[in-house]
Structures are given as C-alpha cells and as structure tokens.
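Worksheet: the structure to be examined is printed underneath.
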Amino acid sequence: MDTQPPIHVSLRDVTKVYVSGLGRTHAMGPIDIDLRRGEFFAVVGPSGCGKSTLLDVIAALAPPSQGVVTFEGRPIGDAVPEGVGVVFQENASFPWLNVADNITFGLRRLPVDGAEIERRLQYALQLMGLQDFARAFPSQLSGGMRQRVCIARTLVMQPRLILLDEPFGALDQQTRLLMGDELLRIWRATGATVLLITHALDEAAMLADRVAVMSARPGRILEVIETGWPRERDSQIVSVPEFGTITARLWTLLRAQSMQALRPEAV
Amino acid sequence: MRVVFYRLLAVFLPLALLEILCRDHVITPLTLPAPSRILLGLWGVMENGAFNAAILKTLTNVGLALVLSVAVGIVAGAAIHRARLLRALLEPLFSTYYAIPIYAFYPLFIVVFGLGDAPQVLIGFMLAVVSMIVSTLAGLDSVPAVLGKTARVLQLGPVETMRSVTLPYAAPYLFTGVKLAVAYAFIGVIGAEFIMSGTGLGYEIRFAYDNLDNNVMYPLILLILLIAIAVNMSLDRWERRLRARRGRG
Amino acid sequence: MGTSLAGAAGARVMRRIIYAHPSLFLVIVLLVLWQAVFWLVGRDALLPPLETILYLARLLQTARFWGHIAETGTAFVIALVISVVAGLAIGLALGVNRMAAEVFEPFLLAGNSVPKIALYPIVLLIFGIGMPAKIAFGAIHGVVPVAIFTVTACSNVPPILFRAAAAMRLTRWDMIRSVLLPAALPDIFSGIRIGFSLTLIGTILGEMFGSQRGLGYLLMTAIGLQNIQVIMSVTLLLVLVAATVNTVLLEQDRRLRKPGG
C-alpha cells in the first residue's frame, strides 16, 4: 500500500523546444517526474542543461512544447496557478518600495483583509530576520538581504509549492550555507513542497529529500537520488558520512555531463 | 524586414496625405506647398547652385564648432576628471547648463567679435562643448580601477596610460559625446544664423520667410533636415560597427 | 614653517567649504568672471553684475514687464503640459509595444538631432503669429526628450521584475500600473526635467519673431536696438529662473533614484 504522501506536481513527457530565427533549440526533455506533497526536491545539472526551463514550465511562465504538467491534480494552462510561489536568482525586489511594501506586494492582491496582511507581514519579517529593516529600501540592503525580501514576499502568500531558481547563486559561500538553514526552517514551518534548482552539489545534497541529476542539453533526468535525511536537519549534516557518499555520487553523474556541456557546440 | 516596411509606411503615408490635401487646396500653397513641389524645388536648388555658398558657409561653421568643441571637450574633461575640487565646483553648472538660453549671449558675441562667422561658431561651440565634457567625464568614470593598476604594472607612464588604455576604454562614451556635439553644433550654428546673421543656410531661410518665398524656404528647410538626419545616421552606423567589434552593448 | 602649516590647514578648510556648497562657490566664481569680462570688453557689450541686478529689479517693479512675464509664462505652462502629456503618451505607447518602438526609434532620434529652429517658419505659417505659434514651438522642443526618455525608461526596466510580477499572477494592466510605471519613473522624470528646460527655450525662441509681447519679444527688440541693459536683465532673469527650477527638479530626480537615501 502506498504510505507515501500524495503527488503534488507531476510532469509527463514534458519537452521544451525554442524556435527562433536561428532555428530550433531543443532545450529540455522529455521529462517524467513526480513531486510529492511536502517534500524538498532539488535539481542539479551542468550549465545550460535546462534547469531554469524546467522551473519556468512548472510555474507556467513558459508553456511546454509537448507533454503535460499537472499541479494538484489539474493540468497547468498558460496562467500561473494559484498557490505557487517563485524565487528567482536575480534580485527581483522593487527598488521604489520599502521592504514592508515589497513583501506585501503580491499579498495585497489576494482576498485577504488588512489585519491578516499585517499579521503575515510581521511573521515573515521575523522569520527572515528583517524586523529592523521594514522601512528600509532594497538599495540600502546587501544582496543576501534582498534575496530574503524576495523569499519573504513569496512566503506571505502562503504558497503550497515553492520554486527556487538558484536563489543563492549570487551570494558568497558562508551566506549560502546560512540561507540554506533558513530555507529548511521555512520548509518545516510551512509544510510546502519545495523545488530547488541549484548548481551547487553540496547545497542540493544537504537540503533535499531527493536530488534529480539532469543531463547536458537537452536536459533529461538521469537519476533521482534519495538522501533519506530526517526532517529536522540543518547545514551541520555535512559532517555525516552519508553526505560525502551522496555528494560523490552526484559528482560522478554530473562530471561526465559537465564535460559534455563544456565542449564547443557542433554546428 | 517588417520593421523597414513599417518605417517606409510611416514616412510615405503622411506624405501622400499631405500631397492630396495640398493639391486639393485644403492646405494653401502660402502655408505649405505640395511635398512633390518641395522635392522638385530642392532638386532645383542643388542643381542651379545658387545656395552653394550658403551651404558651404553653414557646413564650415558647423565643422569648426564641432572640431573645437570635441578637442576642447576631451582635454577639458580629462583635466577636470583629475581635479576633483574643480569638478565639484563645475558639476552644478553642467547639470543646469542646457536649461540656459545660450542664444541670449549671441548679441554679446556680435559686439565683441563683430559680424563675421565667429559668433555663430562660438554659439555652436558653447552648446556642444559641455556635452562633450560631460560625456568624457562619464567615460573616464567608467574605467575600472583594475585597468589603471594593470597599466602601472606594465610600467606605462600617465600620458601613455591615457592614450592606450583609458581613452580607448572610454571610447563608447566619447562617441556618444561626439554625436551630441554634432547635433548641438548644428542647432547652435543654424539657430544663430537664423536669428541674426548675413550668411549661411539659417539666414537664407529667414530671408526667404521674410519675403514669403515658400518655393525657396521649404526646400532649404528640407535640405537642413536631410543633412542633419544623414549625418546622424552615418554616426549611428559607425558607432554600431565599433560596438560590434568591441562586443559590448 | 608655521605659516606654511597654517596655509595648508586653511586650504583644507577652504576645500571642505567648497565641497559642501559647490553651487554657491560656482555662483561667486561666475560673478567674478562676469565682472572681469566687463572690465575687458567695456560698456558697449556688457553691463557689470551689480548694475544688471539693479536694472532687473527696476524692471520687476513695472506692471508692463510683468505683462511680458505673464505672456511668456502662460505660453510656457501650456506648452509644458502638452509636451509632458504628448511625450508620455508617445513614450508609453512605444514602451509597451516593442515592435512599434523599433519602427519609430529613428524618427524620435531624428527629432532630437534636427535643429528645430529650421522648422520655425513652418510653425509660423501654420499657426499664424501669436500665442498658438509660441505654444506649438515650445511643445515641439519639449515633446522629444520626454518621449525619448520615456521609451528608454521602459526598456531599461530589468525584465526580472516583470517575471516576478507574472509569478505573482498580476494582470497586464496591473503590471503596467504597479511595476512598469514606478520602475520607469526615475528616467521618465529626467526626461520631464530636460523637457522643462527645452520647452522654456523653445517658447522664448518662439516669441522672438512671431509676437508683440513676451520676454522673447523683449529680447529680440533689445537686440535690434542694441539695448544692452534690457538684453542683460532679461537674460539674467531667464538664467535665474531656469537654473533654480532645474536645481529643484534635479534634487527630486536624485531622490527618486535613491529612495530613502
């Protein structure tokens, strides 16, 4: 009997082909995966393999050329489904709004009353350590703090599925590790399903329940590795021997793919 | 090339409309002759060469103003860039400079320099030089410190550094400055000729207007517009080629 | 030894004062230069600063002068409104439609580099002599920078902001209103600031020929009569107004770009 949590997101035979004046680029697929409710799922792969495309397709920011993406049992159309939150790699904070207004930007468009907005804002400020910066503007904050603002902005809308596209890509290693811990806390506190796209193997191995390795372009899923970590984990898991084994396995798979990605394109 | 098609459409449709309105005398020839007549008039003007002297005079003055403003602008910009106190002092002047009606200084120039070409060239120079200085400053600002350090490691002296590292790096900004200087030189010289001068295209247009001579005035106006547009387009094309080679922008 | 130390300290203090109030020092330097040029050139060409200010003060006490100011002011305000509204409309229309922007870009740039004074006779012939011609000429000068800056502002908005807004399920109108416009506002404002100055110049130029009243008319008549006093006082007035308003607008511009800072 299936004691696993129900399937939250499912991709069947999903492919993405970009057509431009220069011809067709087969960016990704075919891809078949399932994300279970409440799991932390990471995707790693060489540069250019289509990881970001995968996220765009799941978020309905780009339509698949082929195949079906299902979210909570319903196929995704061209509109971003309700209940999905996205955090991007580039800084997407609005420079003309202060931190508090940035965070409540999306929330204000939901049917939520003022008191609830304020409550969620305070909760997010506290969770992300931004209480002292509510009136500050993004230009006055560091890169890491701006990303926290973007994460908070997504959180207050209480998404059931959180998609993160290399959210810590622009940050230094120490900040990345600390943000990873914060991400885990958020994941536990909200019970959301998390999909993390990253190029950092250690990050994926440390944070996720399952890690999918994508091949070089066109990206396909080579293997999905179960980490088996307990839910209550943090960055100190790096000292556990299994962490080394998992990271080694990821690198073995990835090394061949990365070398292939680095080869000059055959014309 | 849909874009080119739409552009041609955007030019020809209004012209065709004007042509029809003029021929039906909805628009009187006293206001605007038909575009076809203006074009024929321009052809006539170029052919009989009656205005060649005026054209040459204007272009010479514009050229002079341009060369002066670019040379002075780059040198002054480089000097101001190093003298931070001077720059702090001049910065407010640069930001409000183009708000000031420079033409008002024209009578002063006439009294000082007489009725020759100097006042026109000077007005063109005054309008153009500041944009050249500002662009030079922006270009020099854009040079990352690491390039200066590299130059020192390579034992380059200050002049050599400026010549072979700094100025080439800042070239895109300098080019923008030159484009602006060209536009301002035209505006300054022709405006000055129009207001109070005895020679040049600007004067000829004013003269034709005073004498209600639309058949001369409109073709000359068209000539100026065409020259300005042609010069700008060539500069744009040149800039694009330079940028493509550098792989930036 | 003691005096050179004091000299160095004095220089440092001077530098700090200058850095703190550069505009003030600039004005002082310009006044000094003005006086110096006057001594060089003589009364035929120039009036010294003090006399100019006094003459301007006297002019400002006459109702007739204020009549001219009102004439120019009215024309200018109307021209400015037209410039901003038309410029914004054109800029936004091109800003949200990339194909249109590409098609019309060279036309806009041509509008910027063409000496608009060459179009002046056409304006006079179409609008006749008087207010409409002034307003039209002023508006022609102002529309171009507002439109150009608005188009550039729209295309300079980082695309990531639109992606983030799409991820938050904003409608197209909501995105234009609450992402595009606020993001583009600093550059749009710069365009309006430049449009302000150019519209003023255009209105004055428009008055120089086709008018019987206004500051431009005064200036033109004074040039013809070689009335140095009027030329200098009116020029001074224009420079003061233009510089002051521009400085205020600049401050607002800076504040838009660095909110909270």
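We just call them A, B and C in the order they show up, numbering each chain from 1.
Criterion: a contact is a pair of C-beta atoms (placed from the backbone, for glycine too) under 8 Å apart; a residue touches a chain by one contact, two chains touch by 3 or more.
Note that the coordinates shown come from a computational prediction; the quantities given were computed from them, not determined experimentally.
Relative to the centroid of every protein C-alpha atom shown, the closest chain centre, again from C-alpha atoms, is found for C.
No other two chains have as many C-beta pairs in contact as B-C. Per-chain CA centroids place chain A at a distance of 48 Å from chain C.
Separation between the centroids of chain B and chain C, computed from CA atoms only, is 19 Å. Chain centres here are Cα averages; for chain A and chain B they lie 52 Å apart. Residues of chain C found to touch two or more other chains are absent.
Multi-chain contact residues of chain A, defined as those touching 2 or more other chains: none present. Those residues of chain C lying in contact with chain A across their complex are 158, 160-161, 163-164, 166-170, 174, 178-179, 182-183, 185, 258-261. Within the complex formed with chain B, the chain C residues making contact are 15, 18-19, 22-23, 25-26, 29-30, 41, 44-46, 99, 102-104, 106-107, 109-110, 112-122, 124-126, 194, 196-198, 200-201, 204-205, 208, 219, 222-223, 226, 228, 231, 234-235, 238-239, 242-243, 245-247, 250. Residues of chain B touching chain C in their complex: 2-3, 6-7, 10, 30-32, 85, 88-93, 95-96, 98-101, 103-108, 111-112, 179, 182-183, 186-187, 190-191, 194-196, 202, 205-206, 208-209, 214, 217-218, 221, 224-225, 228-229, 231-233, 236. The touching residues of chain A, when paired with chain C in their complex, are 59, 61, 79-80, 82, 84-86, 88, 90-92, 94-98, 105-106, 109, 135-137, 139-140, 150, 153, 157.
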